Every structure is written in C-alpha cells, then in structure tokens.
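Labels run A, B, C and D following the written order; every chain starts at residue 1.
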Amino acid sequence: ELGSFEEDINKVKPEYVKSFEFERKLLPSTWIVVRIDGRHFHGFSEEHEFEKPNDGQALNLMNSCAVAVMEEFKDVVFSYGVSDEFSFVLKRDSQFHDRHASGIVSAIVSFFSSMYVMKWKGFFSQKGLKNPPPSFDGRAVCYPSKEILRDYLAWRQVDCHINNQYNTCFWMLVKSGKSKSEAQDYLKGTRAQEKSELLVQQFGIDYQTLPAMFRQGSSVFWGEEDPTESYSDGPDGKSWKKVVVEHCNIIEQSFWEAHPNILDEEH
Amino acid sequence: ELGSFEEDINKVKPEYVKSFEFERKLLPSTWIVVRIDGRHFHGFSEEHEFEKPNDGQALNLMNSCAVAVMEEFKDVVFSYGVSDEFSFVLKRDSQFHDRHASGIVSAIVSFFSSMYVMKWKGFFSQKGLKNPPPSFDGRAVCYPSKEILRDYLAWRQVDCHINNQYNTCFWMLVKSGKSKSEAQDYLKGTRAQEKSELLVQQFGIDYQTLPAMFRQGSSVFWGEEDPTESYSDGPDGKSWKKVVVEHCNIIEQSFWEAHPNILDEEH
Amino acid sequence: ELGSFEEDINKVKPEYVKSFEFERKLLPSTWIVVRIDGRHFHGFSEEHEFEKPNDGQALNLMNSCAVAVMEEFKDVVFSYGVSDEFSFVLKRDSQFHDRHASGIVSAIVSFFSSMYVMKWKGFFSQKGLKNPPPSFDGRAVCYPSKEILRDYLAWRQVDCHINNQYNTCFWMLVKSGKSKSEAQDYLKGTRAQEKSELLVQQFGIDYQTLPAMFRQGSSVFWGEEDPTESYSDGPDGKSWKKVVVEHCNIIEQSFWEAHPNILDEEH
Amino acid sequence: ELGSFEEDINKVKPEYVKSFEFERKLLPSTWIVVRIDGRHFHGFSEEHEFEKPNDGQALNLMNSCAVAVMEEFKDVVFSYGVSDEFSFVLKRDSQFHDRHASGIVSAIVSFFSSMYVMKWKGFFSQKGLKNPPPSFDGRAVCYPSKEILRDYLAWRQVDCHINNQYNTCFWMLVKSGKSKSEAQDYLKGTRAQEKSELLVQQFGIDYQTLPAMFRQGSSVFWGEEDPTESYSDGPDGKSWKKVVVEHCNIIEQSFWEAHPNILDEEH
C-alpha cells in the first residue's frame, strides 16, 4: 500500500498548486482598519437575553476582548467599538502578516472570537453560552491619511449616536406597551430633535444623562497615565502604560490633541 | 454639547469614507478553498501538554469543529484536516458572502475558533484552556477545475504523510534518550525508505499500523449512509445524511468514485 | 552641483518606493480574454467619414491589426472583433507577463494602437489620419472553463447581431429622410422580427444577404489549410499555417468541432 | 438560419458572463503613477539607428508624446521621462476611469503609442518607421502622500543619472575602439567618481556640460508663464498656460517650491 502512496507523492506538484495562492496586499504606508461585525447577533442577543436597547455587560465583554486584541497585536494603536462591532486601527507602517489582508483580518477576528468565548463566564456568570457560539466576520480597509482615518472613526461614532438614539426611543415605546411594528411606524421619519423631545416629554429621559458608553461607544487605546480601568502590562516594558477604555467624543479635535501618541507615526 | 455633536454629524460623509472599502472578489465558477492554520500552535500544544507526535484528542477536537463548520456553512462540501490545519472546500458556484474573500475567510475562521473553545472541555475534561486562547489565520484560494482541486488536496495529504513520518521518527528518537537537536541531526537528509526502516529496526514500529488518522489526516464530508461516526442532522431535511469523518487515501481515484456526490456540481 | 546630486542619490530608497508596486495577477489555468474598445470612436468615425452603419475598410483595418496581434503575441489563440472592439483569447496556461493584468493588457492595446496608425494608409489611401489619433482602452477577464469562454464569445456575437440589425434599420431610415431622433423613436421597442420585416418591406433588404462581416463579426485564428485570406508565416516554423479571418457563426458547436485546435489545451 | 441564431441568442446570459469581469480599483485619495516602458526598444533603437548613448530626436519625440498625453488627459499633473520610459502622475482625487487600473493604464499607453507613430515623421523625416511598430507596456502604482510620490520621482531621476553616466562611458569606450564586452568589463565595479574621472581624463568630457536632457531626464508640466518651449493651449480656456518640458533637478525641494501648483491638491 505504501508503494502506491509513494507513487502518489511523486505526482504532487506543490509549486503548481501553490501558484494559485494570491494574497491581497494592502498599500504600504496607509492606516489599516480591521472592522469586525457579529454574525447573526440579532438572534444571538435574543437567545442570550441581552438587555435592550443596550446590554452593559455584553458591551463590557466586547471591550475586554478589544483590550486583549491590543495586548496581543501590538500594531493595533486604537480600537473603537459599538454594539457588536469593533474597528481596529493598525499603525501606518505595520508589517503584520506582510500586510496581506486575509492574514491580518483572520488573525484578529479569530483571536477576538476565542477570547469572547473564553471571557464569557467572567461577564455572564449566570448564563451559559449556547450553541452556536458567537462568530464575527471582518474586513480590512486602508486609509491614506490621518484625516481620512479620523473621518472613518467619526462615521462610526455618528452611526453609534444615530442608532442608539433610535433604539432608545424604540425600546421605550415597546416597553410602554406598543408593539414592535407600532413603535417602528411611530418613529418613521422622525428627526434627531423630535426623538430627543419624545424621550424627554413622554418618558422623562434626558438623552445626555444616559451612560456615555451607550451614547459614544468605546474607545480603546494605550493610555499614558494610570487609569482606573486598566488591564495589563504595556509594550516595550513600559509597565506604567495600560490599555484604557473610554467613552468620549472622538470626532472633536480635542480628543486627539489630548492623546497625541495614538496616531503618532514614530511609535 | 449635543449641538456641537449635531454639527459633527453633518461633517461626516459616509459615502466618501466607504469609497475606500474594497473587497477582493473570488472568480466565479471556481472551487474556493479556505485553509486555516493554528497561530503559535507550537507553544499552544506545549502549554497544554499535547501528546507527541500526535495528540488524538486534539485532532478529534479539530475534526469536531470541522464537522460543526460543515453543518453551519452548507456551501462547504469537503474538509480535510491535518495537525493544526484544516482546508474547507466550497462548492464551485457558492455565493457565500458574494464571494468576497475577507467575508468568507473571516466567517469560517471565527466560527471555527469559537467552536474550538466551546468544545474544548468535551475533549479535555481534565485540562483547563489557558490564556491566550487558540486562534487561527486563514486564506482563500480558487481552483478552476476539479482536477486542480484534487491536486491541492493531494498536496495536503502528501504533506501530512511526510510530516507525520518525520515527526514519528523524531519523537521516538527523543523518547529513546536523544536530545532534540541530536534527533534533528540524525534525521537530516534521510529518505522516506530510511525513515521507514529506522522505525521498524530501531523501535519495532510498522508505520502502516499506526492510526490512520495520524497517517492519512481527516476527511470530513456529508455521508450517504448511516455511518458509525455521525454527528448531526443533514441539510434539506434529509435526516439520514450525516457529516462523517474518515481517514483514507484521497489521492486515489477510488475515493472520489466511491463518493461521487462530494464534488457533484449539481448539488 | 554634482556633489549635491550625489547626496540626493543616497537619500533614494528604491526598495521602499518599489514596495508600492502591486500587480493584479490573473488566476492560473484560466482563459484570459483581453477586450479592447475604441475610445471616442463615435467622434473618430465621424471625423474620418466612415460609412454608416458599417465601414468595410475600417473593419478590415481592425481585422488586419488583430492578425498582427496574433502574429506578435503567440499566446493569443483566437480573436473576435466587431465594430471598434476586439477580444483576444490567450491560451489557458499562458505565462505572458507572468499573468500580470496590466502588463498583458497594456502590451496588446499598445501594439494594436501603433499598428492601427501604421496600417491606416494601406486601407484609407485617400484619407489622412487626423489628430487626435485613435486610441483604445482594454481590460482582462478570466474564464475558468472552455464552456464559459464560449459563452463569452457567444455574448459578443449576439451583441454584434443585435447592434447591427438596429444600426442597419436606423441608417436606412435616416438615409430615407428621417431625422436621427425620428429614426430612434421609430425603432424604440421594436423586436428583432419587426426590424427584420421593416428592412424587407420598407427597403427591400433581406438581412441575411448583407455581408457576413457586418452580421457575424470577424473571427481571427491560425488556420490549418492554405486559405485565401492569408497574411503571414505561422509559429513554430510551420509556414503552411496562416492567420485567417472568417465571418461565421461561432456560437454553434459546429465551428469549434471544425477547428478543434483553437482551444486545444495541448498546443 | 436566422431562426437558429435567434435560438442561440436566447441561450446567452450576459449577466453571468459579465460576472467574471473584475476591475482592480486604485485606492481613493492617493497619487496614481502610470509608468510606461518601451517594449523591445533595444532592438527598435538599433533597427532605427538611434544615436548612442542618447538620441536627442528620439527623446524629443517621447517628450512631445508626453505633452500630448497631458493635453488629452487633464488629470495628469506631471510627467517625467527618461530613455524609453515615461511616468505620468495623476492628481490625487482623479476619478478617471473610476480609478480602474486597466482602464487608466490602457487609455494612456494606447494614446501614447498612436501618438508616437503619428509624430514619428515630424522628428525623423529621413527615416521610415519599420515593422513592427513601437509599443509600450504600462502599470499603475499608488502613492499615499506627496512625500512618497516625490521619493518615486527621485528614484527615477537617480536611475536616469546612473544609467546615463554608465552609458556615456560605455559608448565612449566602444567608439574609441573597445569591443562591447571589453567596455563592459572595463566598467565593471567602477564607482560614480571613477566614471566621472574616466570621462575627463580619457575623453576630455566634463559630464556636467553634457545636455541637461540626457543627464536629468525630462519633466513635463503645465507652466505658469509663457515659456520658450510651449506646445499648445491649456485647460480651462487659460490660453496663457502651456505644457512645458524642462530638464532640471526634481529631487531638490527648490523645484517644487518654484512650482507649487503642480502638486497642489486644489486644482
């Protein structure tokens, strides 16, 4: 039998078979953003009875996995998360996986997914993780300048705001007795200002007092000082540096002025 | 404060930001292979004290995750695994993720990773899963014909054989008292025939009697009959169909003749 | 001055600059089609007073350039032209320009363009070539099987038929006194059968008797026999082989059965 | 017969056939450089008896074609040529051909090629253009910042200098009686300084006095003033603007400071 297998071996031409392997290589000297999104998270969040419109523990779990990603992949210099989505920004001159898109995306999405399952118990001690387990898909996008990168991040934060305002209204209406389709109809075509007034007048909610994590999403980065929310040792043996999670306006210039190191191209 | 945020919103141009998103689309009507590989599995297997040269339970865990992948992603028609690597073959006309490479690779690698962590306890009840959790990277390759697809699979199975024969010798030498570098030197330049004789003469091992899973790797596919190794319900309500795991020669024509449905382009 | 230039030289890092060069590589073992199209040929044909709806000499010039392409680029095994467009089929295993799309497309489109200007006088001895000179754009597409390649060619020939039938009606109406927009309105929504009847009843034209080159386009390939329309010496020193231009149905199986060598993968 | 063709028509599925067409799209907001190179120009220059090491008329013809390219393709903001090669820089936000690499490269290379044949007689009135006509291949490269774009141009100018210095020595040696291989051996391993001295001492040539076009290559751009070397009307009806050809150091900052409009992102 081995004899025939030995013959089989000689028929195989690895070089030919490997010549079909292409890699999409990402343009050098551009900021790479890997954005991952939960697959079927609508069903997953129902199955695991996440609170609506936002489940604080589920978001903290996402953030904790993002912190782990930053500790594992030192080329990730900033992460921004909202709902079941996270964007990871790699430094402009990253050589991770030789800048091959599939390698970069798959390594990050795989690590994040394993970590999510590993850490689940720490955030939902009372709830078992049911089958099928959570999974994510991902993509890589290149941005050629800091300005456009910041436009990208602004786009995600604006999306966070718009979705959260809508969802807050929607779930308040549902909790107050409307059916889901009635709530949907009710909100159809309303503008930001109207939704804001709806919350105040009908439910006595001042949108600005809702938790910043729900309104602004989560920004994750290596902090300079000793923050309260610290997780682990930083890179380069600088143990006083920790990955921090903040919920702040990242559209405004002030955030980036206060944290010049994040997109500093020399680090 | 909201006022200023509302102004920020208007500065965001989603269409512009999204214009940077490209997807590598895989050529239609070609067989897509997604191959995933364990990241840092050398360290991971030491950390978790896997048996050498092969850990049966670790391989069974990999196979079980591959079965779950096939049950979740119905476009995967065949999978082949060896060591910490698995290849998933999508049917020629798959429209999964619109044939976008990142979407396809990330969804499969993420699901496999979560599943690996979820199922760990079922295979290693005595060993906890340590940090960092296992992760994989992946890539997608297109093959334009069945013949070249089979050349690809043959290449992987030949690799399995070559690596396993080497590793079997290496670990027998190490277990018999040689250091790792002595074992390496001893084997340097030896041919298949010599390794085969080494095993028989020095260790009384007939390579052909070693477990088929170690020698041939694992082929995973939807079986026609009621197999012994069955895991779950098949697609299309045909409950008599199960995903099976076999350890057989997939280079030979006979395997594909015995299972004409696997690469049947009509299913 | 040289001194400062010598300093400049040392600042240049060719490896870095070249790292931005990517090439799109075309999947191995697929049929590559390079399709070129005249740029602004509507204006070009008016400027040079081409006959309408078809200018025989202009088409012969296109065909003559395609013959030259096949003689220059021996990997091109079949060409099909209609109007100001030509499709060049490269053999499945072509290694031309390492299968880099830009190299393949640019070499063919450049050669065709130069040739068009060179040969102009031979076809239009009475008309000078005016500025700007004719130019073409091009693209490369891969087809993974002969069947799909033939579907592609069928698509182009059907397009030729549909456009030619329409244009024949349109220009007969214009020549009979209608304005261009009247002719357009007249034909709007008419079906093939109606156009066919219009030509017979109003203009006494049996569409089937129009020149085959106008109705079927031009197929260019290395012929086996000594044809009447022969242009030059063939490859491999087989001087009895000539590139031929025919105007025939290439959708039907019969053409390909009569010329089995064209898509023969062994040549 | 038509009946059968009508049946053929219905078998054609344009959407399916077109689904195989991919375009490589170039990252938005990056500088696109299209570099074209003469194909087989070694033979072409011998066949047409170009002067060695530089043929002034051949270079002027190249430059004249580049001027025509800039007049035709208004997104090209700068061109740099040396020997049988030209680089065309498209403005950062060009939407030419929707930034599809094949379209951009093929349109420019085709136009350049036609123009070269058209203009030949104006530069070589005594020499006919022989078969096969000149052709070029091309590629597109993206540079994400002005700095890296200028690094690219510097690389090309340094290459021009190195090649020209070598070629000047080589042909002086050949003209003085050495065979080509003797000249090659003689120059092997010599450094810039040594070549410079060789020219002075052996041939009484001060390299710096050679024509700037040979030493510095040709920079082509829309000039602000009324230059002596002017060719045609500029864009936007600003008839006082002409495309100019200069032979100057483009590595130094001073050139770009003197011509701030060239890479001005607002124009």
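We take it that a contact is a pair of C-beta atoms (placed from the backbone, for glycine too) under 8 Å apart; a residue touches a chain by one contact, two chains touch by 3 or more.
What you see is a predicted model; the values in this text were computed from it and never measured.
*Asks:* Starting at chain B, find the fewest moves between touching chains needed to arrive at chain D.
*Replies:* Minimum step count, chain B to chain D: 1.
*Asks:* Counting C-beta pairs in contact, does A-B beat A-C or the other way around?
*Replies:* A-B
*Asks:* Return the distance between the CA-based centres of chain B and chain C, expressed in whole Å.
*Replies:* So the centre of chain B lies 45 Å away from the centre of chain C.
*Asks:* Where the centres are mean C-alpha positions, what is the separation of chain A from chain B, in Å?
*Replies:* 27
*Asks:* Between chain A and chain C, what's the gap in Å when you average each chain's C-alpha atoms?
*Replies:* 49
*Asks:* Where in chain D do residues touch two or more of the other chains?
*Replies:* 16, 20, 22, 27-29, 142, 148
*Asks:* In their complex, what parts of chain B are in touch with chain C?
*Replies:* Counting only chain B, the residues touching chain C are 27-30, 142, 144-145, 148.
*Asks:* What does chain D use to touch chain C in their complex?
*Replies:* Touch list, chain D to chain C: 1-2, 4-6, 8-9, 11-14, 16-17, 20-24, 36, 39, 68, 72, 97, 100-103, 105-107, 109-118, 129, 131-143, 148, 151-152, 154-155, 158, 161-162, 192, 196, 207-208, 249, 251-252.
*Asks:* Can you list the residues on chain C that touch chain A in the complex?
*Replies:* Touch residues, chain C against chain A: 16, 19-20, 22, 25, 27-29.
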